[in-house]
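Submitted below is the structure of interest, expressed as structure tokens.
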Amino acid sequence: MSTRHSLLLGLVLLALLALIPADLTNLGIPYPGLKRYGTYILTLWLVTAIAAMGVNLIVGYAGQETLAQAAFLGIGAYLTAIAGKHGVPFGLCFIGSGIVAFIVGIALGFPALRVQKHYLAFVTLAFSVLAWLVFRNEAEITGGVMGVRDIARPIVFGFKLRNAVHFYWFVLAIAAVLTFALWWILQSPWGRAFTALRENPLRAESLGVDVRLYTLLAFALGSAYGGMAGSLYAPLVEFIDPSPFALGPSLLFMLMVVVGGSGTFFGPFVGAGVAVLLPEWLRAWENYYLMIYAVAVMVLMALFPGGLVGLVAFFTRKRSRL
Amino acid sequence: MTDLLQLLIAGLATGAIYALAAIGFTLLWQTSQTINFAQGEFVMLPAFFALIAMNWFHIPLPIALVLAVLASMLLLGAVFRYAVVGPLLGRGVLPLVISTLALSVLMKESVKEFVSAQAESFPTLVPDLVIHFAGLSVSIAQLGMLVISLAAIGLLQWFLGGTRTGRQMQATAQNPTVARILGVPVERMILYTFLINAALAAIASILISPIYLAKFSNGETLGLIAFVAAIVGGFNQVRGAIAGGLLVGVLDNLAAAYVSTAYRQAIPLILLVLIILFRPQGLLGRKEERAV
Amino acid sequence: MLRRTLALAGLAAAGLWSGAAAAQDIVLPGVLELSGAGAVSGTMFRNGAAMAVEEINAKGGILGHKIKFEVVDTASDPGKARAAIQRALDEKPIAILGPVFSGSVSATEKLTADAEVPQIMGGEAAPLTLQGSKYLFRTSFGQQSSMPKIANYLRDGIKAKSVAVVFVNNDFGKGGRDSIVKELAARNIKVVADVSTESGQADFAADVIKVKGANADAVFVYLNEEESARFLREAKKQGLNKPLIGETTLLGQKVIELAGDAANGVKGHVGLTIDAPIPAVQEWAKKYEAKFHSKSDHNGIKGYIAPYMIKVAAEKVGKLDPKAIAAALHGMTITPAQEPGILIEATWDGAGDIDRISFLGEVKDGKQVITQTLPKLKP
Amino acid sequence: MTAILQVRDIQKSFGGVQAVRGVSFDVHEGEILGVIGPNGSGKSTLFNCILGQLLPTGGSVSVDGRNVTGLRPSELNRLGVSRTFQLLQVFPRLSVRENLILAGQEHRGSRLGRLFGARDAGLGPEADRMLDFFRLTALAHEQAGSLSYGQQKLLDAAMAFMAGSRLVLLDEPAGGVNPTMLGGLRERLAAINREARATFVVIEHNMEFVMALCTRLIVLAEGQIIAEGTPDEVRRNPAVI
């Protein structure tokens, strides 16, 4: 697909997404929009997808493993919640979250990537648990296990985003910018280098690609996406405590990206959609839904390690051949 | 001083359990590049096999324990090898990580849903007597845990170093390609490591459950600690995993007593980061070449 | 393309669109911990509530309307709990039951207050009812009610001058720890050890050594049931011979079952228990066990009385109006004579805190024995 | 003629095994040096030591008189040294043209400039020239993984020249290539040597290919040089057989 077509497709998707929750009955279209809960879930999906895009950059493009994306989300969320309480405007909090996560990513990745392939996974594992312990135990700053309550929704150009749909549009706009930025990176020579170092780091290195530096950049950028997603998560939920930023949720981020299709552009969106909407779909099975999910993931891995996007691509290819 | 000794004994006893789990971790990693994220659940589950045998089928304890070990070797060894790992071999580490992660969820949820959502007491073979001497109080059960797990480790070491099959397994672990050229039945050796891993996990489960109770969520912490122990000791050496397990067990107790109970989990992890910075091959691990 | 199709399919399947048909039934959603760390408590709360709803419906419902009770899982995560409450509120409910975890309640109480829908919850942390919500109601003692009783007992019953506190570092344990430390300070009792433990912790050797080293007159143990059991076993092993004092979770049947004779001699305050010396409660416990093939703890009772609270309040105001029901519940006293489902007479004050009798008990020969019945705070 | 590459007394041992035992040689501008020897004679280990994939146990490597022992492959590459591998090493999910652009992009401009600059990092025309030179133009937009083995080998070799490297080390360029392709490959390599004054070191088993391509040969056995000279001299050397 040419660049222009990609951009056009992106804009159409964006417009459709913007319309999903909106009540169009006033415009004469018999479409009532979503309930508040539906809008909330849709917003949560976007926030999750932003973090998952970061994981995809690290896992799917740079071929590393990160077990700390939820911790980066936590960094962004706490920074935004706490700084926000002290009157720092949301814009600063949001950019600050990204920058802090980026710097922490560099600090973690630099020593880990000196060594061998899986050491980044080990270091992020340790970091993930350590960050969670700090969130829990430094109650003076983070509110400890009782969390931080009543986090305000941002005010943009004097416009309050209390309304669920308005906040959704705000998050959608940010998600669109971040998606475009990632797309741009992946289209640039950087993206080519990322793909190369995932497919064959040895050959890439011999062609002058500084594998260590590019891996580090991918990790730090991916982590920054986590931080920025966290910065949106805090005002969305209006309450944060340490539990969504523990090791378990970090593992689920990896799971979600691989299930969606790691190394594909839309994989994180699909994976995040499954993770956020799955409990809704399988509500009828209540107690069994996690078991169903687990078995489905294992079967998917065995048959289609390319994830859901890979699965769809497989079938569309098949059909077009017939 | 007595406090310190008391802490050391308690730490070594739990450390021995971590070592059992960590050994399995390194064995699987070496022979099949499997990072088993369900390792903690592998230690959680066998106790429930025994409980099911006892409570549902009224089988006496010793037989139930043997059955639990056998069931683990079948399900967590052979079935795991062929149904979960088999289809994913040679596709890199990531699909296996994801699949074992899903497996851990499945195991936890199944036990919670079909057996028990609460902690269950678990009978012990060794009487839960406490001996006091010189201000120390040590329970026989705890000593038994230490002795049995060290015996299991000793037996494994003897098997790996002293028997033909054991040496073949080591060859497979170090370099499957070369081992295959040398005529080692690599496939069978890989299966053996899975069976040994399952057996060690079952032993750990039976030893730890009388003291820590059997619960579906027990694997979460255990798996993490076994993972940390394996890395600290050296991911490519069995004796590294043993040292790592014991060290992390002791360190956890000392940290809780002398540093901070709130940050006790942090100490082994900080050790982990330091190891990666200064001795990436682990305490007892082999140094690996910059790969070609 | 794909992602949009998937999202749309998902949203449609989950019934998230506006304008879903309103049912004739009364909507009473539960937002509870069915998975994650709080699964055991949440499931019991659900079972208890489901039992009550079934009974009420069998007798004709509330004001002639049947109750539709549907539970949404919070996965023990406050963020998900918030989403679940949002979803429940979209259904125009008469009230919401849950959550049980204080953190999840804290994350959601503003939503129910904004929507003016009563929230009957299981959380026990002190600050929950201090936020000024007019729509939050407890089903058990808040820690600000139970901790003074324990502090009094430590001062008058044990005559302790110093206390070691062992707590689990979660919303429940930390809240209790903060309350008891405050109460002890007010009574000039020194806290000589303050030991934080993890939920799910297996090895208590180091914690017991710390407590022993503190050499306090008494030890206050505020852990969940299974960790209580592990702690008691380790304490017995190391010969910790100080009085071990706790709350409902230390003296529960589950603890006794798991800790064996290590639980003997443990004393404490019991807010709500299926072992209460009240025939109605014990009968209820038998009924629960017959229905769900497992024993309930206090969470089952908490869940059970919640629908009855709504029923009595709705019948009092004579209409199915959430706002009026909440207003009626403030200052209301419900007696078993008036509604047998309430089990024990209870009163709710203006903040939504519950008041009823409670007990002092201890474990003797593997059984919980109630030694004293404490009257209501404001009889 | 000056020596581009000087290899002095390189040694490498794995545990107790000495794979390379003190190898020294020079490579001069414009020549094609062949390294031959039986399997296990240490050829690939020697290559890996020269190119930084392995750290030699002893000895030194210099490029243009500068000591580069122990530099990482990417650093060496930016000094104008590139290589191919014994096993096929292209990026199967990138297109043929993308493979070539990748091979050159790290030598162009700054890293930040590459993020915001042109998608092809200004290498489009050069890539097209290279495609043309290696007769791959028709396949430019195919995924590299879908090419035939011989075509991939050509691409593999072409990538080594994209960076404008002056010294290229080819590890078995003819391995597995069918005889029809082989002539083309040899002819292209000879042409690029002639036209661009590129200098090669070639490891090869196919004696016919080596004899026809190389200007000088060294023979390795058990980690040591046992013979050296022009193809004809080596052919006549009794030690080689």
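Letters are used for the chains, namely A, B, C and D, taken in the order the chains are written, and counting of residues starts over at 1 for each.
Everything below uses one rule, namely that a contact is a pair of C-beta atoms (placed from the backbone, for glycine too) under 8 Å apart; a residue touches a chain by one contact, two chains touch by 3 or more.
Small disclaimer: the values here were computed from a predicted structure and weren't measured.
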Chain whose mean Cα position lies farthest from subunit A: D
By count of C-beta pairs in contact, the leading pair of chains: A-C
Separation of subunit A from subunit C, taking each centre as the mean of its C-alpha atoms, in whole Å: 35
Inter-centroid spacing, subunit D versus subunit A (mean Cα positions, whole Å): 41
Centre-to-centre distance between subunit B and subunit A (centres being mean Cα positions), rounded to whole Å: 33
Two or more partner chains touched - positions in subunit A: 136-137, 202, 287, 290
Set of subunit B residues in contact with two or more other chains: 109, 220, 262, 265, 292
Multi-chain contact sites of subunit C, meaning residues that touch two or more partners: 35, 169, 196
Of subunit D, residues touching subunit A in the complex: 51, 53, 72-74, 77-78, 82-83, 85, 89-94, 98, 101-103, 105-107, 111, 114-117, 119-121, 159, 162-163
Residues on subunit C engaged by subunit A in the complex (per definition of touch): 1-4, 6-8, 10-11, 13-14, 16-20, 34-35, 71-73, 75-79, 82-83, 86-87, 89-90, 102-103, 106-107, 110, 125, 127, 169-171, 174-175, 196
Subunit A - residues contacting subunit C, complex: 13, 16-17, 20, 23, 32-38, 40-42, 44-45, 136-137, 139, 144-147, 149-150, 233, 237-241, 243-244, 266, 269-270, 273-274, 277, 279-281, 283, 286-287, 290, 309, 312
Interface residues, subunit A side, partner subunit B - complex: 59, 65, 111-112, 114-116, 118-119, 122-123, 125-127, 129-130, 133, 136-137, 202, 247-248, 251, 254-255, 258-259, 262, 287-288, 290-291, 293-295, 297-298, 301-303, 305
Subunit C residues within the subunit B interface of the complex: 35, 37, 39-40, 43, 169, 195-198, 200-203, 205-207, 209-210, 213, 225-226, 229-230, 233, 236-239, 254, 257-258, 260, 294
